[in-house]
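A, B, C and D are the chain letters, set down in written order, and residue numbers restart from 1 in every chain.
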Amino acid sequence: MLMYKKIHIGVIGAGDCPVETYNMASELGYLIGKNGWILICGGLGGVMEGAAKGCYKAGGMTVGILPGEEKLAANPFITLPIPTGLGEGRNLLVVRASDVVVAIAGGYGTLSEIALALKIDKPVVGLKTWPGIEGVDYVETPQQALDRVARHLSRLE
Amino acid sequence: MLMYKKIHIGVIGAGDCPVETYNMASELGYLIGKNGWILICGGLGGVMEGAAKGCYKAGGMTVGILPGEEKLAANPFITLPIPTGLGEGRNLLVVRASDVVVAIAGGYGTLSEIALALKIDKPVVGLKTWPGIEGVDYVETPQQALDRVARHLSRLE
Amino acid sequence: MLMYKKIHIGVIGAGDCPVETYNMASELGYLIGKNGWILICGGLGGVMEGAAKGCYKAGGMTVGILPGEEKLAANPFITLPIPTGLGEGRNLLVVRASDVVVAIAGGYGTLSEIALALKIDKPVVGLKTWPGIEGVDYVETPQQALDRVARHLSRLE
Amino acid sequence: MLMYKKIHIGVIGAGDCPVETYNMASELGYLIGKNGWILICGGLGGVMEGAAKGCYKAGGMTVGILPGEEKLAANPFITLPIPTGLGEGRNLLVVRASDVVVAIAGGYGTLSEIALALKIDKPVVGLKTWPGIEGVDYVETPQQALDRVARHLSRLE
């Protein structure tokens, strides 16, 4: 079976975050990697690094779609950095490349990604993120997030 | 004095909307045109068309930054259509080209534009739009929106 | 008749050029403005400024689709600056927004625009630019360029 | 050692090509994979498929940066499809994500990628491609292309 049939899970969140949020992202990333799914993220710090670290530790592939022009700007747990030079324009690419998106906490950039994902009909699971957005599937823990991701994937098939 | 020092006001909202929303957009567009400001929008129907129609009637210039590849997809009140072929990627361009953004009602696309605008530090005035977003300057009428736009502009100088 | 049915002519070339090239661009820009066509360009210096200066002097509208995030980076003859923040990604937008493109001299950026224009089926007129590209309609003077542009436009109708 | 320090080699060329060109791309892709380098390409048919097929057979990773919105549009030898929805705008991303680019034959899309690569200072090796472009390092065989790629990489370190 060819690898391109693999599942891509996007994890979105702020580039700077408290340690509990980082750990939550890392726990989710680990679960993603253990499932054999590919992690798609923005490639920088904070939630993006936490998720990549967890997925990397589980042996998973981690893709970082970067705003800048240099692949070395990626955090050390990104196995495939994609520098775009598009600035915030890369937010759309992160969600476009994902089958399901999980938003963890986050600021305006994350909010833009949630909205863009919903606009292009990607399922969005929300973990301690922007509240009250119709269409977001809110959960409380990384394990619950994973379960919901799996449920959304089963509907996409 | 060269025209490029003119003010660009972005008006964002859904491509399909109730007539009251359309009229509200048109009223705001008219005020924008009367002020000699340039209207920036997504160039399609609904709020975009309402705003363009109002601004056009006031003799203003109306720019439509389109998602598709054809300039003829612009609504009839767009004096300068810019087809991009970037799909939803054009949302970032609409807010980037604006000095201040006014969001009227709207769905996920509008939410993405509000978030992108705040992310890149553009003032956002909200008129009957997504509630409760920190950083959005909420108002109730087109005239109030115009007054707030003017206040934000005075701070930018 | 609404203004959006106006013709958009793209002029592409290097941001830094010898004075003769600048003057050639200016002469072409003047002819474009006199025809009531809108000038589309990259908004910076060199050929872009020459073309904008000529068109501006003829009373024409000049659109600058800028690589950076600030509209004030536009040259002083741009009446409508569109900052994109897309870097070289804006080259595609310049040709997408044009009905016919004229390339004047130029370096790699100009070559990329010629190729992108031909790829998306826009007619390209070449004035002292990259030689020997099949599909480019080569001419020797600004007046000849204008005549060829007019001929291409008549075929597009 | 983390995988993100791996080398990314872009292979660009037409989506439709004669069988000899396809085989040449495949031979080059195989050499890229054997070197442990990651192949970056546009993810579609022709030269992109040939290169991906060769690299895949050598056990290498193959990234396809797609113009459309669906990852399933990728050819079957792409292990990581990145759908962008940017149309021809993805050409810039292909070269941006590459450390060195090899152009094989090709049409206007390939010419745009050669030009964009040179514009952003990426080394370009040319194999039976657009002739006479200053800055392109022309070679005659896939093995020679690989040797030149290696030489360019040694200068980048």
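Before moving on, here are some points about what is shown:
The rule we apply is simple: contacts are C-beta pairs under 8 Å (C-beta built on N, C-alpha and C of every residue); 3 or more make two chains touch, one makes a residue touch a chain.
Quick caveat: nothing in here was measured; it's all calculated off a predicted structure.
Annotation: A-D is the more contact-rich of the chain pairs A-D and A-C, by number of C-beta pairs in contact. Mean C-alpha position of subunit C lies 30 Å from that of subunit D. Here the spacing of subunit A and subunit D, counted between their Cα centres, is 27 Å.
Look at where the CA atoms of subunit A average out and do the same for subunit C: the two points lie 40 Å apart. Residue positions of subunit D touching 2 or more other chains: 69, 85-86, 88-89, 92, 120.
Viewed as a contact network, the protein chains are fully connected, with every chain touching every other.
On subunit C, the positions that touch subunit A within their shared complex are 69, 85-89. Subunit C meets subunit D in the complex at residues 88-89, 91-92, 107-109, 111-112, 114-116, 118-120, 132-133, 135.
Only residues 2-4, 8, 38, 61, 63-65, 69, 71, 74, 76-86, 92-93, 96-97, 120 of subunit B touch subunit C when the two sit together in their complex.
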